[in-house]
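Take a look at the structure set out below.
Chain IDs A, B, C and D follow the sequence of writing; residue 1 opens each chain.
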């Protein structure tokens, strides 16, 4: 049995890790870290876990934790892990970090967008960006540190990845309009996240300034082997879970001026995703809906070609707490320990 | 592998059966019956099942189905199964009926409250009322027909059962005020179930006339060994899943006029539920919330004593599609086939 | 033009006062009190008021305010007004208090249920309980202090009032099961009021201990001329606005053992409400829904007789921010200044 | 008193017309047309109007109606009015048509996108496109037929109009990503509009094929004096009311390659909207939210410049049933009859 510890176990992403790992056959959680609820029973914070988890919450002691477990999940604010990580810790334990601390290779970009100093940039190079469908080969028994991708990021990248990789679209025209449920805002007690403020409302936020922008750009730049600069606009939707992205880009034209056919673009998607366990490219004409992936680790993707404008409209949907956070973290952990990639992730989407 | 067929597989309860059985280790669905969608891929009706279920929907042919499977789930309108059931069918296959056709022992009561003629009353006596926690001993390999309880009913009965059974409350004062999510209304295209009609709204309906009333009364009458006549008032709540019941009754007083203590009433609950896998009596002071059981087969129960009025307020919460329908149906099936009662039902509630 | 000041103008009830008074022909707001947002433009707190209100928020200076305005609305926490009120202030200005400070005549009851010391009990006797439909004759140009009723209270009392007043029901059996939208919980940044905690959920809270209980009991005791002790159970519903109460009581029987007829009970309601501008007793068979009164000052009421149990089930619905708070406060102000009772309150409910 | 008739009075837009006109000082409704509910009391369809509207619903007899009223609102399906309109009718009565029948000047475009034959194209030229802020001068006492703009269209056009009109953006790069509440889908009983299908879900629909596309394109083409072809992608959001559009376009660059400044673009908006009663260009940094305009006739607009991509992100929000339908229809009617443009439309947005 692999022993796991969670730091930040009482946030929404931490709670989802606990839910998923509760049915994982090879892993047991031995440390529920939550500075806010030390010595409180975990189920008293999340009553859904009553009679399922009997443990009490413990302090966020990374060093001590590294002695006791095989893998640590950090579902913590930006800067937390960067401020504590040491070579000694990494020599003892694998870490899957759900924060942004090691996602961006250029520390200057990180510091600019996040507005904080990075305290341990020496580990950035080593960290593997844990987007399994893209970087699977790098997530192995030798990997010590996985930077688990952001929720918006996972959805935005996977939706466009094959078309960028194959050079099918003009990346200078790429626009990502994203819509997220409210759990992505976390469990902090803030007025803008109150029920009455979110319910019956939709708004954009972080326009031209959201922190997931450089993360998307970096990964798509690797894919396209060119610099990608995009507009990314997140919106807050009155629902608990789910991210939907709608992406727009000009299709490159054939030499004769025609556009790629639907079948040709579909083939590009299939080249990368036909064998992927958790990416479902939908049947022609079906638009992804967040409800169809709720509670599961799936990403649903599809596209429409608009002959009138020469653009392709790509759409992707996932559950921000599963494939966008805890589920992908478990997927990464499975890869780290050589387990079947879908162990614990045989989650069937729940409808309605 | 036990072979199962579902009639009414594309209603919400049918869909939940498919979701639950998808992860059941001993059962496989071989017949997705849906008169409305014959020959259509099941996943085209419920896209959450894309890449999980490849089968097409078939007609509702009960007789043919009885030849092919070991167990049939009927998630059908009232009167459907009663109109088709025969001794020959029952001799070949076990049936778990999610409709009300065989729940009420007195056919006159059924016909009065449901307003339809019962076409096969000869099977009523044989049918076992499948409230597992109460009637477990009667649900065995010999049982042919299980009447799966209603959603409101399951919640209402289990919340009060121990106190009625032990004669702790005055049943003549029992009132059940129930609140349900909207999936209980089914997937029929009706104006009152439209998003804009349900959202931002709450109302009572079926006041003093809801069909689950006699079912609750009958079962509590067996428990209390006396005639129970109650007020049951359902309300429609703008959420997908979940039932909450708030029940009121006068506590019987001790000879000296005092009320039972909290500990004494708790002991009554524990007598019946301490070892139950799916009934969670919460810690003192914690009120059940539907969100804490969502997606799972749990019923959460608790109570408060009001010394001022001499009443006990009992509260219960469950997911109407799981413990209130498909989950309990699977629990019954597990009992029918001698499987572990929680096989396929190790569902951890999903929050948020 | 009557000059009004609001203390607590940036809470939800305060914001609703601003919305309603914006279209009031006889009143202008000259003081937007909000300790949290001093010197900030009011519309920067509530962007719906952009281009409608240009004023900045001011401190909560009751004494200074009394010099400047004709009427003060206090939409403040319990204890605030009681801690500041003086004879001098009351000699200068009329006050409509939306808090509970002067609602309960017995200061001991107030202090027990609210858990705070009352700092100015000398004004309790003078205060008029501002339930207009019941106490209209006491709300006059001579009245200095109006205790505006609570939201649950207004709905609970008005729904049962005629039957209690006329002695039609056995008050010892009266139970009030109430359901409220989330704006009733206020705009405080607390985890239980976050979108993800409230959405897709329903729960009871304050069971047998909610502070509106003694207020309901006191007023119904006056009506029935007897001591009324009830069970009152509030529930939190995932919607912004609206309160629905479902009330249960045994009907007293005629000497021959029969129950009152529907027409007789309807006549009792009509006796009190037929001429009321804001109370709508619905047609037979129609259950009140919160959506039908949203944004308006109406209370919708109806009842069902259950011959089986001998109980009457009464139902009432209102908008907790309008008739349950700001609307009723304006109705009281209209009475205080001899204006038409519905001035500014010709609000047509908004659907959907 | 101007006499008005409504055909389609029991749809959501029709109901909103009734709500708004209830407080209009110069107009009275004398005909509530609803083929589905003939002879039924109007309030029995919409209980919010109980005690406010006593009339019964009548048949949709356009010719008879033309004899009785001064203005007809048609809130009817596409093709209805086109199939019945005659010169005789138009000679007797003014018509504000909330359908698409006379919005598009090129009948071929109409027939292609709507898939129906236009039965009275002879009136298209005469019809004025009733986007008041753009075409006010054409909506006069002489106007007989107003084509009231679509909900998505009003929001999409007004948000981009000044920048297109002044040639500030490259219209070939214009993309409109729109999000709508569910009342826009109407009151038809269809499975996709059921509460459980919409709630906790977001999806795109009508991708590259939605009927509002050519309407937006035509109007923006007039504004820009060039052919505008756009991508327009609507999304369904789990809320009752509200449309938010997020629009993307490349800013044209100055000769020196620099972008227009925020102040310059703001000045362009102010040129067209500074004096508009119902268009609110928000303070810098404030993103429009649908909640802030709910129930009112406002359109809230703002923009962000992204120096990195050279794009401007424009955002607009309105209430689809008010400024997007009934409110704008009343605004048009006010213009037709020389009334103050905001008569009956002094609606303060309701929050929360």
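Here is the rule we use: a contact is a pair of C-beta atoms (placed from the backbone, for glycine too) under 8 Å apart; a residue touches a chain by one contact, two chains touch by 3 or more.
Not measured: the values here are computed from a predicted model.
Peer 1: Go through the assembly and pull out the chains touching subunit A as well as subunit B.
Peer 2: Both subunit A and subunit B are touched by C, D, going by the contact rule given at the top.
Peer 1: Counting one step per pair of touching chains, how few steps separate subunit A from subunit D?
Peer 2: The fewest touching-chain steps linking subunit A to subunit D number 1.
Peer 1: Looking only at C-beta pairs in contact, point me to the busier pair out of C-D and A-C.
Peer 2: If we tally the contacting C-beta pairs, C-D comes out ahead.
Peer 1: With centres defined as the mean C-alpha position, give me the subunit B-subunit C separation in Å.
Peer 2: Measuring from centre to centre gives 38 Å for this pair.
Peer 1: Between subunit A and subunit C, what distance separates the C-alpha centroids? Give it in angstrom.
Peer 2: The answer is 46 Å.
Peer 1: Averaged over CA atoms, how far is the centre of subunit C from the centre of subunit D? Could you give it in whole Å?
Peer 2: The mean C-alpha positions of subunit C and subunit D differ by 37 Å.
Peer 1: Residue numbers in subunit A touching 2 or more other chains?
Peer 2: 12, 183, 196-197, 199-200, 238-241, 289, 291, 294, 352
Peer 1: Inside the complex, what are the residues of subunit A that reach subunit D?
Peer 2: It comes out as residues 173, 175, 177, 179, 181, 196-197, 199-205, 207-208, 229-231, 233, 235, 237-242, 244, 246, 248, 287-291, 294, 304-306, 308-309, 311, 313, 315, 317, 352.
Peer 1: Report the residues of subunit C in contact with subunit A in the complex, numbered from low to high.
Peer 2: 12, 182-183, 187, 189-191, 193-200, 238-240
Peer 1: Can you list the subunit C residues touching subunit D in their complex?
Peer 2: 12, 15, 19, 22-23, 44, 46-52, 183, 200, 240-241, 280, 282-283, 286, 289, 291-296, 300, 346, 348-352
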